[in-house]
Amino acid sequence: MQVDKNWTPTIVAFCCNWCSYAGADLSGNNRLSYPANVKIIRIPCSCRLNPMFILRAFQRGADGVILCGCHPGDCHYTTGNYYARRRMTLLFSMLDYLGIEKERTRVEWVSAAEGAKFAATMNEFVEAVTALGENKRLEDFRCKQ
Amino acid sequence: MQRIGVFVCWCGSNIAATVDVEAVADALSKEPGVVFATNYQYMCSKSGQDMIREKIKELGLTGVVICSCSPRMHEATFRKTCESAGLNPYMVEIANIREQVSWVHKDKAVGTEKAIILGRAAIAKVQLNTPLIAGQTPVTKRALVIGGGIAGIQTALDIADAGFPVDIVEKNPTIGGKMAQLDKTFPTLDCAACILTPKMVDAGQNENIRILSYSEIEDVKGYIGNFDVKIRRKARYVDEEKCTGCGTCMEKCPMKKVPNEFNMGLDNRTAIYIPFAQAVPKVATIDANYCLKLNTGKCGICSKVCLADAVDYEQKDEILEEKYGAIVVATGFNPISLEKFDEFAYSQSPDVVSSLEFERLMNAAGPTGGTLLRPSDKTHPHTIVFVQCVGSRCDASAEKGKEYCSKICCMYTAKHAMLTREKYPDTEVYVFYIDVRTPGKGFDEFYRRAVEQYNVHYIKGMVGKVVPEGGKLKVQASDLLDNRQIHIDADMVVLAAAIEPDKSARPLATKLTASMDTNDFFTEAHPKLRPVESPTAGIFLSGTCQGPKDIPETVAQAGAAASKVISLLVKDNLVGNPCVAKPDELMCNGCSSCEKVCPYGAITYEDKPFRGPNRTTLIRRVAVVNPAVCQGCGACTVACPSGAMDLLGFSNRQIMAEVDAICK
Amino acid sequence: MKTEDMIKEITRISGGNPAKCMKCGKCSGACPAYDEMDYHPHQFVNMVLDGRIEELAGSKGIWNCLSCFACLERCPRSVEPARIIEAVRVVTLRKAGANHLKPDDIPARLDDDIPQQAITSAMRKYAK
Amino acid sequence: MKKISKAKIDELFKAISAKETLYIPVDDSEGQAAFIPYAEGLKMSEDLNTVRSAKDLFFPQVESLVNFKMDGKHIEIIDAATEKKPFVIFGVRACDARSFDILDRVFYYAEPKDSFYIERRDKSTVVTLACNAPEETCFCGAFGIDPAEPAGDVSAWQDGESFFFKANTEKGEALLAGLPLEDAADDAADKVKEDIRKITAMLPLKDLDLSKFGPGKTQELFNDPAWATLSESCLGCGTCTFVCPTCQCFDIRDFDGGKEIRRYRCWDSCMYSDFTQMSAGQPRPTQKERFRQRFMHKLVYYPDMHEGLFSCVGCGRCLRKCPIHMNIVKVIKTIGEEK
Amino acid sequence: MQAVIKKKAIELLESGTVNRVLGWKAGEFFYDLTPAVFTTPEQIEKDFVYSVFSGANMSKYLIDESKKEGKVAAFIKPCDGYSFVQLQKEHRIVRENIYAVGLACDGMCDMREIREAGIKGVTSVEEDGETLKIGTIYGEKTMAKKDALLERCVHCKSKKVVDCDEMIGENGEENRDCGRFDEVEKLEAMSPDERFAFWRSQLSRCIRCNACREVCPACSCVKCVFDNPNSGIAQKAAASDFEENNFHIIRAFHVAGRCTDCGECSRVCPEHIPLHLLNRKFIKDMNELYGFYQAGADFESKPPVMNYTTGDAEPSIVYARGGDK
C-alpha cells in the first residue's frame, strides 16, 4: 500500500470518566507523552459507548477507535464494563466478519492509577493503526473533501 | 444556536508553554456559535472567574467552553462560576488542554492544533447542551462500618459521638481485629490491649453503636444517602442476648483440638469459644466446623451446662436489611501466606514463625503465657534471626510477593528485637535488612535504640536459605557491607511477612461498586486530596483496606473518614446528579431491554395513553427512569434498540457531535 | 564494543533487567559457591549495571558459578543473577579466538551418561 | 432493419462502448440483473427484467443537488451538478420504455423542470428489446403496451441466431449508423413478434380490467372499504416503490460531512410513515392512507393529470418482490368491486 | 393439512373462542399468499390457503392484532413460534388475546428458488411427494421439493413450537446440528479482503427499501433510529457505502440476542442479500462465547447482550480468531 509519509492517523479514544479518563489525566500529570493524534472523548462509563459512535467515528474519517474503561470488576457502576465487554467483542467480531481491519478497534482496561499504561497503550495503538494506513473500508467519501 | 463564550487558560506556563493559547482562542472565535473567545493566565483564579461571569452577563452567553485543565480538576469550579452568573451549570464544557495536550505533547504546533480540535469538540457539544436541574434526595441518617478492627472502632466511635447511629459489621465473633493480637506497640511500647480494649468497651456500650459481630455483608444496593444493605448474621448457635460470657461452656466442651486463630494456630481452643478474654461482645460462639453436636448430633454438653440457656443448636443464618446513608470500609489486612517462601523453611520447622505469630509468643495472654519459648521443644531460644521484607517489594514478574513496601515491618521488627533483648539479654538477635525504613515521629530514634542500647545485630543483607538441622536452624545469609557470606545456627527465625488486604475486600468492593487497585487495596477518590473517600459516592475508607498503615495512621484516617461521614449525614437532602437516563416515551416500545441492564433497578414500566392516528388513543408500555436512583452510567442507552433511551449531559447527539468535531 | 552497548547486550541475552535490583543480597545469601568466587552474585549484577563488564568477564567467579539457579529462584526482583552471569559467560565465549574449547576437542570428551546441559556447562567453565 | 449475429454481440457492445458508456443488464453473483456499464467479458442477462427498473439511469436513487462548504462561520454554496456524459442503454423492455414517457411528463415537461433528469434523457439513447419470454407476472398489455413492439430510440428483437434493430428516432439512426451491422429485411423480426404475441395471449393477467380506474374516479374509489382490508397486511416497506419503474417521489435531505454539507435528493416512498411529514403532522396517518395514496396515484390521480395515462406499466416487479404479495393487481381487482 | 387447518379455524370462529383468524389468503397465483384476517367461516372456506408457500412469519402481525377487541386465532409454525415467544418476552403482544394453534411443519418453498432454477412463467404447483410438479406457460416442469425450500428450511433449526394452545400435527424437536452456521464459517475462513469484497458486493445492492426491517419481528420499534430525525443517524437512502454498511451492522446489532433467526429478512430482500448471515454471525459468536442461546426458546432467559459473567472473553479474542489466512 502506498503510504503518505506525512499522513498520521486520527484516533478517537473513548474513556470512561472514572478510571480511564483519570488514567489519561495521570499520564498527563506524569508527562508521559503519546501521539497527539489521540483525541479523548469522555463518557461516563464504557457501557455508554454505543456501537453507533464507533461507526460514526470511522465514517467521519477516524482511522482507529479505542475504548478504555475500568478493569472488569472495578466498574464504578458495578457492571457497565461487563456489558461493554460483550458488546465490543461482538461488534469487533462483526466488523472483522465484514472484512474491516479488526486492528482499528480496540478495548483496553485502564485504571485511574495506570497513567503509564494509558500512554503505552496509545503509543502502541497509534503505531498499529499507522501501520495499517488510512481507514478506507468504513470511511464515508462525503466526509473527506 | 447557542451564544458561546470560549475561555482559554494558560495555567501559567503549564499550558501556555506548549500551546499557543492566543492562536487557540483566535481559531475558536471563528467557530459557528462562538461570540467571544479569549485567553487568560489563570481561568480558575478569582479574576479569571470574574471575567467569565462578566462576559456571561455582558454578552448574554448561553454556553461556555473553558479550555483548561482536566474537567476532573475544575469542572465543578467553573460550573459554580457560571451558575453564579445566572447560567445553568450544565451549559459549561471543559476542553482538557493541559493533561491531554500541553503535558503530553512537547511540540507547540502539534499541541496548539490538538487544543483547537478539543476546543471545537467542546463547542460542538455545548451547541447541543440543555440546561439541567439536579434533583434532591433525602439522606438516611445512619452509617455502616464494615470491619471492627481499630479502624472500624475508631470511625464508629467518632460518628456515634456526633450523634448518628452506626452499625459495625464484623465477620469474626468479636471486634478488635489485628490490634487485639498485638503485644506492645511501637514506638512507645505501650501494651496494645491496654489502649485498645477500652475503645472496644466504649464501642460496645455506646448507645449509638450497634455491633453486628459474626456477620457479613450480603448485598448492597442504592446510592449515596440511601444504601439498602443486606447483612448476613451468621448462626453462632448462641443467643447473644442471653449469653453472659461466663465461659463455663468452654471449660466443659469436649472438643478441645480446634486451632486457635487468635493465637495464630499456635495452640488450641474449644469448639464453643470466646476468642479472648476482652472480647466485645463477650459472647460465646460455636464453631460449626468442629462442634460434635452440630456434626454428629451427639454431645450437647454446652447446652446442658449453660445456666443462661443461651445455646441454640437450631439457630440459622439471618438476613438483616438496613438502610444507611454512608458506608465506611475498614476491612483491614492479613499477613500473606508464606508458602511461596520455602527457602526460609517456614513449613519445615515450627521454629520459623511469622512476626504476628512471634507477637503472640511474646504476649502475656498468648499460648506461652508471655514466656518466649520455641514452638518445637518449648525451650528458650538463644539465637534469633529476623528476616525483613519477606514478600514485600517483590517484582511483579516474580509472582511471589507484593510489589509494595508493607511499611510496618521495619518498626515492629525493631520492636521485637528490642523486647527480646530486654527480656532475655542472653539471646543474640540478628536482623537482616535491605533498608531500614523509619519515617515517623520517634521511629528512627526507636530503631537506633535497638541497635545502640540493645545491641541488636543489624546486618545489611538477606537470608538466602534456612535449613533445619539437628534442632538448629542453619541460616545462610549475605552480609553485603562486609562482602561475605555468613552462616548462623539459630534457634528461631522470624519472618516479617508482607501484609495484604483481607480476602473479603474484593467481593465487598464489587458489591459496593467501589474500585480497587491491582493489589486489592481500595482506591481513594483522589490520592492526595480525598484520601478517605472511595470514588463511589457515599463509600469511605478507613485503615489498611486503603494501603499499609501503622496504628496512629489508621486511627487518624479513621477519624478523617468519620468526619466525612458526619458531614454527609448532617445534610437533610443531597443534590443529585442531573446527568441521568431519560427515555423518550414517544419512541419507547417497552421491550424491557434497558431494565435488564440497569445495575440500580432505576427503570420501571408504565402503561400510558398516547394519541394515536385518527383521534384514537393507544395504550403503550413505556420505560420510566427514577432520576434519584439512576447513576447515569448509560448502559441502558446502548441496550435500547429504538434509541429512545438517552443520557442527559452525554446524549447520543452530543457524543456524536464530539466525534464529528474530532474527526473533521 | 562500547560499555553502554555491552550493558545492553548482556541485558538482552539474559532477558533480565539488572536495574531492577534493590540490592538486598538474597542472591549472595543463597549462593552455595559463594566462597569460591572473587566476585559474588550481588556484585555481578551491580558490576553489569556499572558497566564493569570487562572486569567481571575476566574474573574467576563467573566460571565458578554452578548454574544451580538458587539466586534466580530466590531473587524477589526477577533480576535473576544466574542468567546475567550466563550472559557474561556467553559474551566472553563468543569473542573470536577466545573459545575455551576447540570444536575438534569435543567428541573425545563426550560421555554417554552426562546430561547434555552438564556437558555444555562444564565445557564453558573448565575447558581452558 | 439491421441485424447482427448473436455470436458477434460482443463486437457490437464494444463498438458502442468505445464511443459512449453502454449500460446492459447483467446478472450479479446472486443472479440478480441490473443495468451496469458494459465492460469486456460481461454477459447480458437472460432474465426477463432487471430487479430495479431502467429509471435508475435517469433518476438515480441518490443525487447531490448542491453543496455547502463550511469554513468557520462562512458558508460557500457550490452547485453539485456535473456535466453528464452521453450514454446508451441496451435491453430496455417495452414496459420500462413506457415508464420513460410517464416520468418525462413529470420531470421533463412539467414545471418545474428537472435539469438533472432532462440532461440525462437528452444525452441517452435507449435501445429496447422485445420480450421473447414474458412471465406470469406480466400485464403490460393492460396498459396497451405490446412487448413485441417496444418503443425507444432503437427497437430490437432477437431470435435464435440474430439480433434485429430498427431505429425509431434520429438519435437511434445516429447510433445504428456507426455500428458494424448487416442489413436485414424489414420483416425479418416478424416471426419473433408473432411468437411473442402467441405467448402474451396465454398470460394469466392478460384480461386485467382497468375500466374502474382512470380520470375522474377519485370520489368513487377514495372511500372504498377495501382499502382498509387490503392495506392491513402491508408492512410499510418501500420495496414496491423502489423497484417500480414509474414511482417518482423523492425527498431532499442534508448530510453534514463536517467539511461540507451536501444537499441531496433520494427516493422516497409513500409507504413510509414519514412520507410528506410536515411539522403539523402526517397527512396520511396510517398505512391505509399511505397504501391508498400509492395506488390512487398510479391509477387515478396521474391519469387525471395526464390524459388518462396510467402510471403503471405492468412490469410485474412489485408482484414478484412484495414481501407479503400484496400488489397492484390485487388492488385493481378488489377496489371498486363492492358498491 | 390445509383442510385440517381450515376446519380448526372455522371451529374456533363458530365456537366463539375467537372472533377472527389470522391466516394466509389466496392471491392471483398459487404462490402469492397474503397475510389476512378472516372474520367469517365463508371467507375461510373461500380464500384461506395453507400450502408450501405459507412461509411468511406472521407473528409480527400479532403486535397489532392482539391489541384489538376480542381474541384472534393464529397459526404458528415452529420458526414463527420463536418470534411469538420473543415478542411476548418483550411485552409486545398480549398473549391473552391470542389463541395460538401450533403447526407441525416440514419446510416451506420459495418462488425465488424455483425461478432461479430457470423455471419461468409459473402458473401452478402441485406437491407430489418429494417432487413439485410445476405448470408454466412454457409447459410443465418438475423440481425436487428440497431444492425449492426456503434457506431457513434447508437449515431448519427446530421443529418445536415453543408456545401454543394446541397443536395440529406432532410437535417436533430442536436440531442444533442443522448446519445453519456453515455459510458463516465459510466466510470466517476467508481472508479479510475476501470478506470485505464479498460483503461489498452484497451490501452495495441494498436499495434501503426497509423490507428486511419491516418484516422482522425483532424490529418492532415504534420508530427506527434510522427514521428518527433526532437520532443523528437518520437516513432515507444509503447515500454512501458507509451508510449501507452502517444500516446493516446497526440493525444486526440491535436485534442481536433477540433475533430468532427466522430468516424473513433474507426471504424478503428484493436484492437477495443474504442478510441472515449477519444475524447468524452474532448468534454464532454468542453461542461460542457465552453458551448456546436461542432467542424465544423460553420466557425467562436474558439475551447474551443483556447479560454477562465476570469471566467473559476479552474483546481481544477477536484478534486471535479466524480470518488471518
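To keep things simple, chains are lettered A, B, C, D and E as they appear, and every chain counts its residues starting from 1.
Throughout what follows, a contact is a pair of C-beta atoms (placed from the backbone, for glycine too) under 8 Å apart; a residue touches a chain by one contact, two chains touch by 3 or more.
A quick note: this is a predicted structure, and the numbers were derived from the prediction, not measured.
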Contact-connected components, chain B excluded, all else fixed in place: A, D, E | C
Steps in the shortest chain-to-chain touch route ending at chain D and beginning at chain C: 2
Labels of chains that are neighbours to chain B and to chain C: none
Farthest-lying chain, centroid of Cα atoms versus that of chain E: C
Higher-contact pair (C-beta pairs counted), A-D versus A-E: A-E
Innermost chain, where centres are averages of C-alpha coordinates: A
Rounded Å distance between chain B and chain E, as computed from the means of their C-alpha atoms: 52
Whole-Å gap between the CA centroids of chain C and chain E: 70
Mean-CA-position distance for chain B and chain A (Å): 30
For chain D, residues that touch 2 or more chains besides their own: 255, 258-259
In chain A, residues with contacts to at least two other chains: 51-52, 56, 60-61, 73, 79, 83, 87, 140, 142-143
Shared-contact residues (touching 2 or more other chains) in chain E: 223, 225, 233, 239, 305-307
Full enumeration of touching chain pairs: A-B, A-D, A-E, B-C, B-D, B-E, D-E
Chain E - residues contacting chain B, complex: 89-92, 220-225, 228, 230-233, 254-255, 258, 302-303, 305-307
Touching residues on chain C, where the partner in the complex is chain B: 20, 22-31, 34-35, 40, 42-43, 70, 73-79
Contacting residues of chain B [partner chain A, same complex]: 70-73, 96, 98-101, 103-107, 110-111, 113-114, 117-118, 121, 506, 509-510, 513, 515-518, 523, 535-536, 579, 597, 599-600, 631-635, 637-639, 647, 650, 652, 655-656, 658-660, 662-664
Contact set on chain A toward chain B in their complex: 10, 12, 17-19, 21-22, 24-25, 27-29, 31-34, 36, 39-45, 47-53, 56-57, 60-62, 70, 73-80, 83, 87, 111-113, 119, 143
Residues of chain D that touch chain B when the two form their complex: 70, 72-73, 256, 258-259, 282, 285-286
